[in-house]
Amino acid sequence: MNKNKEQLLNKRYKAEKRFRLYGKSAIFMALLFLTIFIFKIFSTGYSAFKKTWLIVPVTFDAELMMLEQNPSKEDMKDADYYDIALKSMADLDPNANEDQENELKRMVSYFFEREIKRELLKDPSLIGKTKDVYLTASDDLDQVFKGNYPRDLPEDQRRVTDYQLKIFDQLVEQGKVESKFNLSFFTYPDSREAELAGIASSFMGSIFSILVCLMIAFPVAVLAAIYLEEFAPKNRFTDFIEVNINNLAAVPSIVFGLLGLGILLAVFQLPRSTPLVGGITLSLMTLPTIIIACRASLKAVPPSIREAALAMGASKMQTTMHHTVPLSMPGTLSGTIIGLAQALGETAPLILIGMVAFVNTIPGSPLDPAASLPVQIYIWAESAERGFVEKVSACIMVLLGFLIIMNLFAQIIRHKFEKKWS
Amino acid sequence: MIKISSKNIDVFYGKKQALFNINLDIEENQVTALIGPSGCGKSTFLRCLNRMNDVIDICRVKGQIMINDFDINDKSCDVVRLREKIGMVFQKPNPFPKTIYENISYGPTIHGMAQSKNEMDEIVETSLKKAALWEEVQDRLHEPGTGLSGGQQQRLCIARAISVKPEVILMDEPCSALDPIATAQIEELIDELKKDHTIIIVTHSMAQAARVSQNTGFFHLGELIEHGSTDKIFKNPENKKTQDYITGRFG
Amino acid sequence: MTEAPHTVKSYEEELKNLNSNIIKMGGFCEKSLGNAIQAITTRNSDNAESVIKDDEKIDKFETLIEQQVVNLIALRQPMAIDLRETVTALKISSDLERIGDLAKNISKRTLLLNENLPKNLVDAIIRVSSDVQKQLKSILDAYLERSSAMAINVWESDEQIDDLTNFCMQEVIKYLKENEKNLSDGTHLLFVTKNIERIGDHTTNIAEQVYYLVKGEYLEGDRPKGTEPIVTGEK
């Protein structure tokens, strides 16, 4: 008997140990996946924050620029920089034939003339002089310099010619190639050229969408939640509404996209591809999340507080507004932020309402066409060019950072404003 | 003097009847204790007196409750005004998660009882003094009320209840969560308060009912079995059920 | 006990124990009284001595009951019937203790009496004392059975005892007047008679307690009195 008991006890201890082990290994697995994911993203993405520049001597020849004597600022703006830009590139190899000059031109981005122009506008005294100017290297050379480009492929299978490589290597030897922090990734809108593509338009698009979404979803959801939780009679009809709200939270996001497409664009004729439409569509999606979070935190307010207020002679409305709602706000806010974070990562509905369109301007208002960060990831991931691979990861990093900050914010709100009630 | 007179009170929760034909008169400026086993309807009856049962959707109250010759179950009775006249203290201390000052000033604010900051300060002070809490909290009026000890919290709740100068104070097991010292303080307070207020207290402790009340009503299974002066009930109750309950012979 | 049992069994037991101690103590008192009277009538000094010894037991019972009552009040806080039970137990025990004392006093005096007492005197004492004995027995029965009717009966019969006592007193006074030698015996007999009457009074007290215990009310009205006792021998 005693021995049996001992065996049983041992068995129980062993079972517990096993269970702990399962738990630990589950956590280990989760952490492992997360680490692999993050490592992959970072290892491919970090290089996107660097940009390769070619330092090319440029002679600001007034004649080639078609500039008069003593030009005004306006004149300089209207001047033709293409020729001196071309000439500067061609000058890299004095013996180049026409084809090779063309190849030389393609070693830098098509922004090269603008970069030269900017230099002159900064310092008008450069006219007639020669100066080393930083020109954005083409995305392929950028990849070559970062070591991401397979140089040993046969020439007809790569986009960088042997000639370009030869000149590039010469420049590298002369120290005329430099890698600097890629500010333009954050300040440029999207572009077909990987070396010039940035997230400014999609970032702003995301911000505008989230703001629109917040401004619509939050008040509507909070009012709906308060009414349902505190005022609505409990009957079949409200039960029915409650079930439907819960169902709404489970509806696939693409359905909301279709709704936006069918109603906002087709019926109300709102401008396509804009954060306004995106935000409205996202707010439909966020609405049930906030309602559920708000109702849950209203429910969590102890009934004793309500009773106390009612017994003091407060009306239902006063009880709700003075006591229940303020107490539920931390939960509601963090629920809202989590809902917004979800909306921030949403792609499918935005694609449907046209926010996938190529936008190479930075939106200044929710009524301007824009992309959004997840859509930008989608667009870039679809692109063939090698230069976009690292951009996708970099964009994911930005999006993740954004989400982490929002979640952190939610946590802080929850901790800071959560009052303890008896 | 009869302060509250209830006639033929029936209470239903949905289809279930919780109180059966209760007829109970409450004496003015006295403490009336309601005792009885759990689920006997004493709290339900208490909550009829300030219409707190309105909060429960499925609860229906029938019958007459006359306070100052006015039927509070009448349609013309305004619940907000009624609850200004009839304060309530609950089983668990439930101060608002606000400062001590705000806890007291809430009632007078919503009922517009103070015209100025000074007046409000005075109401807060007298309420706290009457609740025998002033000495302990006068230096920390602007600290959260939830930071007080259980007994202090309950006295804060009593102070909050008397801040609007109610005629009647209902207490629903006010000491069940408190230690004996805090309980004694509350009991002493009840004794003081009965000079200005009519008090009805629901309690599970028969000793407490015996200590604090002048009248006692015994409820069982939704019926008022016996009602009379406290010493009579505890020395020589008329009903066998009452005797069995108070001597610990129940069930 | 006719009440339903308590939820707390040990409480129930303590009350039962208290109750049975009163009964036992009452039993001892009954026995003592019986012995004391036997001693007078049969002039048996053994009986008298056993009474004196039994008084110690009775005193111990009183202390025991007092302790039990204090414990019950302190630890159980009895209410209603239990409260009355406890309080009356205390009072009954002190009445019983007095009865024991008085019986002892009778026995002590018995030992000092002459061998030969006039028969009519002894008969008178036997009449009053057997009545008191009956009263004591029936009040103890009333306590045991929780009968208020029996208690009232005892209470009302006190009148008769008073009458018998007066008669007895007159006999003793007569005896005193007969001869100066009778002075010592007569005085003792006066006290014996008075003691028997006092025992009757204590029995009546117990009757009042039993009535209160059962009814929760006090017996109302004055206790019935017999003819005024005659202290002088004048008639």
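By written order: A, B and C. Residues from 1 in each chain.
Convention: contacts are C-beta pairs under 8 Å (C-beta built on N, C-alpha and C of every residue); 3 or more make two chains touch, one makes a residue touch a chain.
No experiment lies behind these values; they were computed from the predicted model shown.
Taking B-C and A-B together, the chain pair joined by more C-beta contacts is A-B. With centres computed from Cα atoms alone, the innermost chain of the structure is B. The distance from the centre of chain A to the centre of chain C, with each centre set as the mean of the Cα atoms, comes to 104 Å. Centroids of chain B and chain C (each the mean of its C-alpha atoms) stand 52 Å apart.
Per-chain CA centroids place chain A at a distance of 59 Å from chain B. Multi-chain contact residues of chain C (touching two or more other chains): none found.
Residues of chain B that touch chain A in their complex: 50, 52, 55, 57, 80-84, 87-88, 90, 92-97, 106-107, 110-111, 144, 146, 153, 157, 160-161, 164. Residues 3-8, 11, 77-84, 215-217 of chain C are the ones that touch chain B when the two sit in their complex.
Residues of chain B touching chain C in their complex: 206-207, 210, 233-237, 242-244, 246-251. The residues of chain A lying in touch with chain B in their complex are 233-234, 302, 304-315, 318, 322-323, 327, 419-422.
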